[in-house]
Every structure is written in structure tokens, then in C-alpha cells.
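For clarity, chains are labelled A, B and C in written order, and residue numbers in each chain start from 1.
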Amino acid sequence: MSERLLSYGEAIDEAIRQEMARDPSVFMMGEDIVGAAGRPEFWENLGGAYGGNRGLIVDFGPERVIDMPVSEMAFSGAGVGAAMAGARPIVDIMFIDLIGCCYDQLINQAPKIRYMTGGGYDCPVVFKTSYGGRAIPGLPKGGGAGVHHSQTMYSVVAHFPGLKVLTPSTPYNAKGLMTAAIRDNDPVMFLTHRFLGSVRGHVPEEPYTVPIGKADIAREGEDLTMVSIGGALPLCFEAADTLAADGLEAEIVDLQTINPIDEQTVYESVEKTHRLLVVDEDTPVASIGRDVAARVAQNRFGYLDAPVTSLHSADVPVPYSAALEEHMPPTAEKIVAAVNEMLVAF
Amino acid sequence: MADTVVMPRLGMTMLEATVVKWLRDDGAEVQAGDVILEVETDKVVQEIEATSSGRLKHAAEVGESIGIGRPLAFILAEGEEPPQTGKPAGRATQTKAQEPRAGRKAAARRPPMRATPIARRIAAEHNLDLESIQGSGPGGRIVEADVKAALEAGAAGSPKIKESVPLTGVRAATARHMQESAAIPQVTLNRECDAAPLLRARESLSLRASELGVRVSYNAMFAKALALALAEFPALNSSMSDDAIDIYEDINIGVAVDTDRGLLVPVLNNADKRSLAELTKELQTLSTRAADATITAEDLSGGTATITNLGALGIDYFNPILNSPESVILGIGRIRRHVSGAATVWLSLTFDHRVADGADAARLLGHVADSLSDPARLV
Amino acid sequence: MPLEIDRDKLLWIYRTMQLIRRFEEKYLELLNSGVPFGTGHLYIGQEAVATGVSAHLRTSDYIGSNHRGHGHCLAKGVDPIAMMAECYGRVTGTNRGRGGSMHITDARLGVLGVNPIIGQSMAHCVGAGMAINLRKGDDVAVSYLGDSAVGCGVFNESINLATIMNAPVIFVCENNQYAVTTPVEYAIAGKIIDRAAAYGIPGVKIDGMDVFAVYEAAGEAVERARGGGGPSFIEALTYRYEGHWIKDDHTKYRTMDEVDKFREQDPIPAFRSRVLAEQSLTAGDLDGIDAEIERLMDEMVEFAEASANPEADELFEHVFAEPVAGGQS
């Protein structure tokens, strides 16, 4: 196997290209995914808000790489309709903050198609969007993108049975999960963390899938289970290194899919470590992090040696000023502090 | 509708019984009245019959304990499926219904104990009392490490368990029974008696064995002696109930018998009114059946007092514990022949002090001793 | 003007309108006799629209519908027996009892679904149109919307997107003049039909009570879409004779005079008298169809009554295509 390094963004782009080459029913639509729509002379310069799709249109043509007007409701609905009519659309919604504009399609339409038709229709649409602050290159620590371009908020789409929600955390699982998402016959939300785009890692060249609905043991340990969601993974690794220096070995379970949750893997880890900390960059109320904590408290009570704990972003809208924003999300230091607190909490 | 063969009630104190053996295979065609399996209570092995005709479907496995009224088997018509509520539900309900109720009460009375769930779990698995452990966690909370340390420390001083034998059948019943008895305020009176007349009487009765049809046994004589004493002092032929002392009309003497399956107590009914020869014959029959497990629930129930004789095992005297709910039990030691030619035996009478006082019991024991010194009264 | 519609098509039109009418009347009758239908929105009065449009559709074409969708589905060919079973919540229904009146679908007939979130199915039809273009097909998608959808954001987004994508979509706005109790003149600014011009697509306003008018307008729009000419917009002025839904007393917000005025234009007797006058069909032809539909109605109710409810263990089926590795509690 080659030890080829790709960035998280490049890995996702490669998955999309490979699947488009493999299956002519795959197409992609979204705002500015080409750029300068209808003006081919500029296409070499552009390609997606983060440049991830550069040259895609050159390879696959304007019939399959389609720029959208600012109409999230219409084109996410068109994604559902096209999926029902036999295509495999990838719908790019630039920021998760924009899903309010198309929420009906994400919660009332796509997740329910198969169930309410008694299995009559497949709905193989992928909604790809991005979340998380701290993301804009060139800016200091905080993201500075402000309240409407920095949110995490994946918990609000993970609530709906029928919609698979993925939170890739590394270039490797990003490519494998995107490939799996495109091939899946159900609607999938594919959530990329804005901060991870340039993170590099080993990615095999050939197409492969990472199973949807399966968590990954990212690091083994005996003393504590850290459940990590999406962009929390690098923070968990950093914290685990610090804790290891104190002789506390954390096991990191990267959920990878936040609906449906692979609770079995979480349980098995907690049965071993007897302590749980969930690190979730979303705000805490009605969140996935607390959902995982509740499941463990309810179903593995007898294995616990410390209070189940979850760490989240502060329960506030994302502030603009970096001086404020840097205090909002979980950090490695906060994780270490949460672990220490958990071990002494009443 | 499938017919369900359920666990019958085989005795007043019975809660469950264990499946010993299936006599008909799963799936066999059976007729109403066919014996299909054997179950063992703490006292007896009982055959269970098919209640109707059809295809047999086992609902319990050999070795499994089944509560009264729970399904043992289904008898199905052609093409019929057994009902869904089968044995797993039965097992669960039976045990769950019994234990947590008491557990909740106990929990409510207990002061709050600071221990983590895993600490509690491990302590429970090892029968370790959390009260004895000092917690090292926040606020003195007992954590997993404390329990493990306590187990390790304990392991150094306490014997290593080679094998853990589950409590079932007669052993379980005896355990439960003795636990119940321990709650009774009981007193034991000891008295050394002259046994020479008894020896002589037995020798002369032995000479008449062919005439009587049996060699009269000492136990029959002790049973009769106790029965006659109770006839004289009926207040101790009784049981303590919630708010009364129930005095029995009949005097039925249980005789403790040691068997491979454990301690069984077959009953000699109306022992005060029957001859020693009759009592001896019945005791022999019952002992044989107790040993080969063919004894019935009826043989083992209805006792009003008990004798227990450890003389044959070389015991001089001992402290018998009441066979609850009876009010008296007579313990008999070995008959000692002295160099002088005299013979003595220790009698130990344990009685329920709620029912009677020491003097009453002493008079009862005196009566027994008198009978033994004048065995003609027994014949 | 003699009709230029062949005999088979005329018979189909009559049969379809009458089937829709009788299905809906039967639905109401069953409801009144105590059948516990979840809900339902009756299409009585609007039969000419779905019939005139569907007369030009084939099996591989798509339709997207709204809450008042029974007529759209029947005209597209959905089996009335399975549809009624669905309304009863039976496992033999079009959706195995998971959809009900407001979610009738049929994947074999391109029925993307009755869909009660106003306007959202317009976007599905645009997507179906894009999928048709992607596979270079000549199918079309018909998006049925009511007058209230014109006020939704998705109306603008969908028609705009269909237009710039040149998607083969026919937007059929059935203006039945009420959104529940709210009259169209209160809720919708300007003239509905003027919207078509704003997007630069062909638009026509027609009498939706006249099946021949619908047939003609839909014919042009469907032909244009099949030929790569992109979307069209049709506003069909029509009327529902009953309340918004099966238990709505519509006399609380409109006069019976108004209802009667539209009933006088009822498309079914109008069709009957015209084809008889022009001697395109005979009374025997039409009476035969009526009798056949009556038999079908009896069979339909009998089947629905006799059908089984879904088993409780089906509850967890069809959430996903396949069970997911992790599993759920």
C-alpha cells in the first residue's frame, strides 16, 4: 500500500471523482462548486468555496457538475427528486448554517421517503456541508466568520430516523465515508469540519469504503473512554498525550457516524475503561454528545467508576471577535481539565 | 389452544422444584395421563403427568428450577405452535418477583452509601460487604480500585474457593429451613438418662422378632417415647402462628434421616397410638424410599415434632435446632455402655420458648426419660 | 367544433374523471359510516385538471403532488384498490400502510408522492427533470400545486431553477381559490399567471372545469417539454365542492350559492353532453363505464376491509435500505 498523503479536502474530492467516473448517475450540484458558471474561460481558476472541486467540471462536464443559484430549498429538493428518479446527486450546501433555508427537505422529505413509501422508493442523495468555527485560514485562533458561518449544529440533523449523518475526522475516513455515502441507497448528510480541510494524512489511491454506522477505535487505552465527534478528534489526541504523561491511558472512540450511532463500540470501550468523556463541538442542549452520555448512563450504569461527562462548545451563538470565539469550543486543555474534574467530581 | 402442563404445588412450603428427568422426548406424541417428567422439590421426586393428549413440547430443561404454576411443557394440537410466553418469562418473573421487593425495602432502610456503580457491581459479585471498605474517591466514595484492593487483601487471609456448588433441591431447602429456625428463640435442655432398661427391652424384643415380623429399632422407641410424652403435655405438640399457638390433635413424629440427597424427615403419623413393631416397619419403608428417592410429598409432610439421632455416628450429645414450625425436637446421642455394666444416653430437647417455658419442657423431657427407663410403657 | 380526440382517449377521459369522482364520494361515504380514516382532502370538482393533464402522460413520466392528491394519482394510473387499502392503513396499500391519504406514492408509475408540505414537491419535480436530462431522456415531470403554493419561497426557487436547468417540468397550478379557509384574493398578490412571464416561460390560464381546455393546454406543454423546450406553467381555475379536508365544514367561510355556481359547471355532465351531442361516444359506452366503476368501488371497499393491518414487527422496517452496522437502541 502506498503511503500517499492527501489533505482532508483532497481526499473527499478524490472520492467524488472516482465515484463519478465509476457511475454515470452520480452528479454534483451546489452554489459555486464550479464558479463562473457559464463562463468556461474562468473554470481553471475556480472550483468550490474551498477549491476542492477544481477542474471537476473539466473532467465531467456541465451536465454533471452544476452550479446552483442561491436556492437551497429548490436544489436540496431537486436532489431528493433526482434521487427518486434514479440519479445519485451530491448536493453541496456550502455551510451548515444555511440549512434553515432547506430544512424541510432534510428533515421531512429525504429521511421519510423510504419509510413512508413502504420501501417503494430509494432516496440515494448525499448532502455535503461544512461545520465548525476556527476555520478561516490566515486568521488567528478564532474563526472570525461570525455567527452565520461558524456553527457546528450537526445535532439538529442527527435527530431524524432515515437520515444517515457522517462526521469524518481524517483524510482516510473522509474518502472512505464519502465513497460509502455516494454508493449508499439512503440519504446521507456528509459533514466536513472547516478546520480539518488542510489536515494531511495517509489515503490509499484506490477507491475504498469506510462503513457507515461504525465507530473507529482511534487510540486504545485502559483508563478512560473519550468519544470523539468529527473535528474533536485532533483535540482528543492532544489531550490523550497529555493525560498519558500522567499515566492515564485514554481510549479514543471516533464515532464517524452520528446517526445511527454505533453504541455497541462505545459500550464495549466503557465496559473496559469504566469512565466516559464525550467531546462534542456542538452546543450542549439536545446534542449528540449528551445522547451518547445518556445511553451509557442508562445501559452501562453498572460499569461506571466516575460520572459520565460530556464536553461541548459554550452554550452561546458563535461570537465574531477572536478574543471571544477562542473561548467557545472544546480544546485539548479543556478536555484534560474535564477528565481531571471527572475523577474528583462527587 | 395449546394445553400447558404447569408445576404443581407439592408441599405447603414449596416455592419451586427442579426438573430431574424428561421421560418423554420433546416432540413425542403423548396421551393424557402419561408420565412425562420427574421433578424434585426440596423433599421429594414427583412424577408429572400429561394433562391432555397431543404433541409434547418441553418448556423447561433438566436442572432448571421452575416455580409453582409456571409451564413445564405444552401439549399441542396438530400444526399448533407453543405460546410465546414460555419458560424464559416464567423464570424471570419467578425470581424477579421475589427478590427485588425485599431488596428495595432493604435499600430504603440503608443509609446512602457512596460507591460507584462498578464498585458496587464487583463487590456484589464477590459477596464483599461495602461497609467494610474505606473509599478513596471524592468525598470518601468507594471506587473500583478500593474494591479490588479489598478483594486482594481479603484473598491473602481467606481460604481459596475450590468449587462453588449451587444450592438446589434438598440442600437449598435445608438451608432455608435452618435459616427460618434460627429466628425462633429456642432453648435446649440436656439430660443424661439410664439406657440399660432400653437395651434390655430391645434384646428381649429382638428375640420376638419372628413373632413381631421385625427387629424393633431404637428410633421407633425414641419416637414412641416422645409421642407419649407429648400426649401428656400437648402444649408442646404445637406450632407458633402469627398471633396464636396452634395445638395439634394428632401426634406425628418426624424422624430425621441422612440420605445421599441430604437430610429428609419422613413422618410417623399417630406415633402415640401405634405399636413399636408397626412404627419400626414403617420407619424402615420410609427410610428405604428416602434413600432411593421414591419418597412422596405425603410421606414427608404433617409432622408435629421431630427426633434426630446421631448416636450411630458416635456423637455423645448435641444441640438440635427446631424443625420449624414445630415446637420441639429431641436429639439423641450414642448409648454408652459403662465398664460398670450401666448404660446411659444423652437426650437433648430443644423447644420454642415462645410456646412454653423451661419447666414445661423439663417435665416433657422427664416423661421421655421415664418411658425409656420403663420400656414396657412403650410396647 | 368536432373533437380531435380519438375514441379510446375519450373513453379513458370519461372513465378517469368518473373514477376519481366516485372514489372520493365513496371515501366520504365510508367516513360518514364510521371508517376511521386518518385524514383526507377530497378532489371532487377538480377532476378535469388531473385527467386532462394525465391524458398526455406515460408510465415513465413523473408527477409530484400535494395534499389533495387522490385525483392526480388515480389519473396517473395508481390502482384505486391499493389506494383505498392505503387509506385504511392496510399492509396491502400502495405504501404498505405507512403513508396514508397524504402520502400515496407509486414508484412503478413515477408518482413521486402526494406531499402535504405545501410547495416542497415542486422541488422534487425539478430534480426529476434534472435526472431526465442527465440520462438524456424525453420523459417529463408534472408538478401539481395549489394557489397557496404560489406564496411559498420554494415556488420561486423551483420555477427559477427548472428554467435555468431547462428541466422538462410542467407546473400545473390548480387554483381552487382557497387555502383552507383563506381566499386566494387575500393571500396571493397580483395575478398568478403573470408569474410565468417573469421567469420567461410559457404560461397559460385556462378553465379548469373544462377537461378539453386542460387537455389542449397540457398537450402543448408536455410536447414542448419532451422536445427539450423546458418548463411551462398552467393556471387552471377550478373549485373544490367539499371542505378543505374530510371534516371541514366549508359553509363557515363561503356561501352555498358560490359552491352551486361551480357545481353547475361540473366537468363530468358537461363532458357527457358534449360527446353525446357530437356523437363521439354513445350513452351505452358511458353507462357501461359507470357500471364498471360501481363494481370496482364495491371490490375496492371489500378488499380494503378484508386486508390485514401491518404486523407490529414491520415498525422497524424500511428506515434504511439495509440494517446499519452499529444498530440502535
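Going forward, contacts are C-beta pairs under 8 Å (C-beta built on N, C-alpha and C of every residue); 3 or more make two chains touch, one makes a residue touch a chain.
All values reported here derive from a predicted model rather than from experimental measurement.
Asks: Can you tell me, using the touch rule above, whether these chains form a line, ring, star, complete graph or other shape?
Replies: Topology of touching chains reads as a line.
Asks: When all chain pairs are ranked by how many C-beta pairs they have in contact, which pair ranks first?
Replies: Highest contact count among chain pairs: A-C.
Asks: Mind checking the centre-to-centre distance between chain A and chain C? Centres are C-alpha means, answer in whole Å.
Replies: 39
Asks: Hey, how far is the Cα centre of chain A from the one of chain B, in Å?
Replies: Centre separation, chain A to chain B: 66 Å.
Asks: Express in whole angstrom the distance between the two chain centres, defined as the mean CA positions of chain B and chain C.
Replies: Roughly 80 Å separates the two chain centres.
Asks: Two or more other chains touching the same residue: where does that happen in chain C?
Replies: none
Asks: Quick one: in the complex, what on chain A touches chain C?
Replies: Chain A reaches chain C through residues 25, 27, 29, 63-64, 66, 68-69, 71, 73-87, 89, 104-105, 108-109, 113-122, 161-162, 164, 184-186, 211-215, 257, 260-265, 295, 299.
Asks: Looking at the complex, which residues from chain C come into contact with chain A?
Replies: 62, 64, 93-99, 103, 105-107, 110, 112-113, 115, 117, 120, 122-135, 141, 153-154, 157-158, 160-161, 164-165, 317-322, 324-329
Asks: Could you pull out which chain A residues touch chain B in their complex?
Replies: 274, 301-306, 343-346
Asks: List the residues on chain B that touch chain A in their complex, please.
Replies: For this pair, the touching residues of chain B are 116-121, 138-139, 141, 143-144.
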